[in-house]
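Following this line, the structures themselves.
Two complexes, one shared chain (chain A), two partners (chain B, chain C).
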Partner chain A sequence: MKHHLILRVIAKLTIPGILLFGLYVQFHGDYGPGGGFQAGVIFGAGFILYGLVFGLQNLRRVAPASVTTTFIALGVLIFAGVGIASQLLGGNYLDYDVLAADPHAGQHLGILVVELGVGITVAAVMITIFMTFAGRER
Partner chain B sequence: MISQIPALQVVIPLIGAPLCIILRRGALPWLVALLVSWVALAMAATLLSQVADGTVISYAIGGWLAPLGIEYRVDVLNALMVLLVAGTSSIVLPFAYKSVAKEIPEDRHYLFYSGFLLMLTGLLGMAITGDAFNVFVFIEISSLSSYAMIAMGRDRRALSAAFTYLVMGTVGATFFLIGVGLIYAVTGTLNMADLAERLPPIHESRTVLAAFAFISVGILLKLALFPLHLWLPNAYTYAPSVVTAFLAATATKVALYLLLRFGYTVFGADFVFNIVPSSEVLLALALAGVVVASTVAIFQNDVKRLLAYSSVAQVGYIVLGISYANVTGLTASIVHIFNHAATKGALFLVMGCIAYAAGACRLESFAGLGKRMPLTMAAFVIGGLSLIGVPLTAGFVSKWYLVLGALEKGWWPVAVVILASSLLAAVYVWRVVEIAYFRDPPTDGPVLSDPPLALLAPTWILTGACVYFGIETSLSVGFSEQAARFLMGGS
Partner chain C sequence: MILAIDIALLVMLAVVGIAIIRLRNLFAVVMLSGIYSLLMASTFVLLDAVDVAFTEAAVGAGISTVLLLGVLTLTKSREKIPVTTPLLPLVTVVVTGALLIYGTWDLPAFGDPNAPAHRHVAPEYLAEATHETGAPNVVTAVLASYRGYDTLGEVTVIFTAGIGVLLLLSGSGVLRRREPEENDDKPGGAA
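Moving on to the complex of A and B:
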């Protein structure tokens, strides 16, 4: 893709925007439309666009296999960890009420962290799926 | 902390799975899986001791009370299934260390143990949850991970076997989901206990009939009742030995539990046996399955495949007990779920031992194994006797109750079929035993010997269970009868 100058310039311009929008969807998901799954897909799409335009080797340099695999696991651990934390604080599994001083803040904090876990796993899975299919011939 | 056990029972294996991926070096993933499984077993035993007197534990996930939130509901039947799943994985995992090292490339070991724990999570979740939609989620967790586990088999045909299972399993899970969607549409609830109250007034409605059809066909696909068993033989034959032993002992059994749970608790015995002719349909399919699958097993040349067909026949026996629609039959079914799990688990672990030593489980490679691998083949013989249903083995106890139930109903032809099919089992077990004990080992091949203790000990623990539950029945039959009465008594 070396000679596709327009593609490369546009991709360079849009990728930061895509990633930023992913973060917006992620952290605004509790009050507006969005959430971890959508944010993860958007964030992963930014990486996939980078891989399409600048090549798989460059994508592997910014997102090595060991890192994406670890992040897949990390997201699940964050999600399950919130549940364990609420159990340790005296509530039932995933009972966000006990996470903060009052139930409202607890619910807010709980869903925010859980969605963060979802987002991390989804983004890492998107990149892994793309790499698995695109990198098959090597 | 004891009140948190119903959630931890599922959550601890769930947390173990990503931990295996993060700690991917060397034997660490195996160690994580082993510890998680043993903790799960301890929790399952605690749960069973709590519900043994007939109490029902209800746990509200996220603090949202039933019927709005997801409820985990543990009674005797659940607790038994959870114990079965956790117990099997606790026995199989010590076996896995050497077997997996031999059968699966080293860079995939961490993925194997992670997948194994996800499978465990899914099966435990299916058994423990009291929410119809949550069941679907756990079916998917356990199925998706088991497709991946089967595809890890050494033989390239493992891939196509896994794909067939994926297609059939997805059809099954989707049917189940359509059924759950239909009952949700007419009742507005997904909680099983709540459904049990809201369904009886609308039993005659066509939506409920369609829902029952979808749910039962979906579950029957998962539990591989003849003629919906076509995915099973290849999946069991080509999966890694450990996976076959674990799946054979647990996956179809948990699906059978779902059949009981939806039949008796959600829809109710009155609907299932009086409004819908389930008894006749299940009876016909079960008898056909027992006879056809046993006959097909006789003609197999791969012993793992032979045992896989025998599994289809054994599922037939379990469903046969359900079709009696009386307490004796139901007791026989639940007892056989356990006895067959022990028997088939032991036999597939024997296959794992032989695959470890000889590399394959083809019938001709069994020649002379009776002398070369005496301890392994002795375990096979005891497991085989239990499969046939010889007295003093677990298989006899379940067949005894099956025949008793048939005579109680006055269905003596069914009793005759049960006895005749035991003869078929004797034929296929004898084929293997004859070659192993009476044919000389090949002179040119490598000299085989019994595998190391790490493989033999788990095999013999399950083999011992076949004998133990054949002699001391108060535990297995006692709990099964209690569970059967609990189901028949409604609630």
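Moving on to the complex of A and C:
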């Protein structure tokens, strides 16, 4: 896609917006529609658009395979880790009430961190699946 | 007004669905399936399921279309005309569809406040979610807090899907590197 000037300019203009919107959906999930799943997909879509327009080599430089593969596991570990943390603090597994002094703050923190884990895994899986499919030769 | 939009959306869904079946140009089919997902997302918005609509638009219309386009680069862009008449698939689809429609007769009416789904835990969630979790979006409260186990399971499913794709398709796997060695060993073993 080296010669598609319009595509490249439009992609450069829209990718930051897409990534920012992904972060908004991620951290605004308590208040509006959205959450980790949607945010992860939108964030991943920003990277995939970059890979489509600027080539897989450039995408590999931005998101190396080692990083995306690690992040696939990291998200699940964050989610499960919140459960362990709430157990260590004396509550049930994934009971966020005990995470902070006040149950409301605990719930807020727990939901935020758990959704972050979801978002990280989903985004990393989306980018990985795209890269493995698109990187295959005929 | 909403009824008119409903009917328009459903008619467009049917038209796109029939077009997907009739067309042989796979590029057009991929584009139409993206449009189908977008129409579904609009339908979900009309049903007040904004979170589901969001996911459908992002996954169905966005990522799936890109992945299918990626597959198109690996295969031909026109579907082969089948040699045999697809009678058995037709019968299977008609019977399955008829069974599903038969199943809907027992479902409660749309929006029925006495439906089992609205009487079990949903009223408690709706009444207590904001008070108990402090999250104004009840969907997020249910998803991340009340049903945290389910969501952990869902993330694990996505994790497994990603790892599975990596293992099967990334060319540098251990399996692929071993293959030539085994082929080399065979003649040696026979000799």
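As a convention for this text, the second predicted complex is superposed on the first by the 137 of 138 C-alpha atoms of A that agree within 3 Å, B and C clash if a C-alpha of one lies under 4 Å from a C-alpha of the other, contacts with A are read in each partner's own complex, and residues count from 1 in each chain.
Throughout what follows, a contact is a pair of C-beta atoms (placed from the backbone, for glycine too) under 8 Å apart; a residue touches a chain by one contact, two chains touch by 3 or more.
These numbers come from a predicted model, not from an experiment.
**Q** Counting only touches as set out at the top, which of chain B and chain C does A:Leu109 meet: first, second, both, neither?
**A** In the superposition, A:Leu109 touches no partner, neither chain B nor chain C.
**Q** Which partner does A:Phe37 contact after superposing on A: first (chain B), second (chain C), both, neither?
**A** After superposing on A, A:Phe37 lies in contact with chain C but is clear of chain B.
**Q** Once chain A of both complexes is superposed, is A:Leu19 in touch with chain B (first), chain C (second), both, or neither?
**A** In the superposition, A:Leu19 touches no partner, neither chain B nor chain C.
**Q** Should A:Leu56 be classified as contacting the first partner (chain B), the second (chain C), both, or neither?
**A** neither
**Q** Kindly classify A:Leu7 by the partners it touches after superposition: chain B alone (first), chain C alone (second), both, or neither?
**A** In the superposition, A:Leu7 touches no partner, neither chain B nor chain C.
**Q** Specify the partner with more touching residues on chain A, choosing between chain B and chain C.
**A** C
**Q** So, A:Gly29: does it touch chain B (first), chain C (second), both, or neither?
**A** second
**Q** Could you say whether A:Ala100 touches chain B, chain C, both of them, or neither, answering first, second, both or neither?
**A** neither
**Q** Just chain B (first), just chain C (second), both, or neither: which does A:Gly91 touch?
**A** A:Gly91 sits against chain B, while chain C stays out of touch.
**Q** Contacts for A:Thr128 in the overlay, against chain B (first) and chain C (second): which applies, first, second, both or neither?
**A** In the superposed model, A:Thr128 contacts chain C only, not chain B.
**Q** Identify the residues of chain A that lie in both the chain B contact region and the chain C contact region.
**A** 69, 72-73, 76, 80, 83, 93-94, 96
**Q** Write out the stretch or stretches of chain C touching chain A in their complex.
**A** Per the stated touch rule, the residues are 50-51, 53-55, 58-59, 62-63, 66-67, 70-71, 73-74, 132-137, 139-141, 143-145, 148-149, 151-152, 154-156, 158-159, 161-163, 165-166, 169-171.
**Q** In their complex, what parts of chain A are in touch with chain B?
**A** Residue positions touching the partner: 69-70, 72-74, 76-77, 80-81, 83-84, 87, 91-97.
**Q** Which of the residues in chain B end up touching chain A in this complex?
**A** 4, 7-8, 11, 14-15, 17-19, 21-22, 59-63, 114
**Q** In the complex formed with chain C, which residues of chain A make contact?
**A** 25, 29-38, 41-42, 44-45, 48, 52, 69, 72-73, 75-76, 79-80, 83, 93-94, 96, 103-105, 107-108, 110-111, 114-115, 117-118, 121-122, 124-126, 128-130, 132-136, 138
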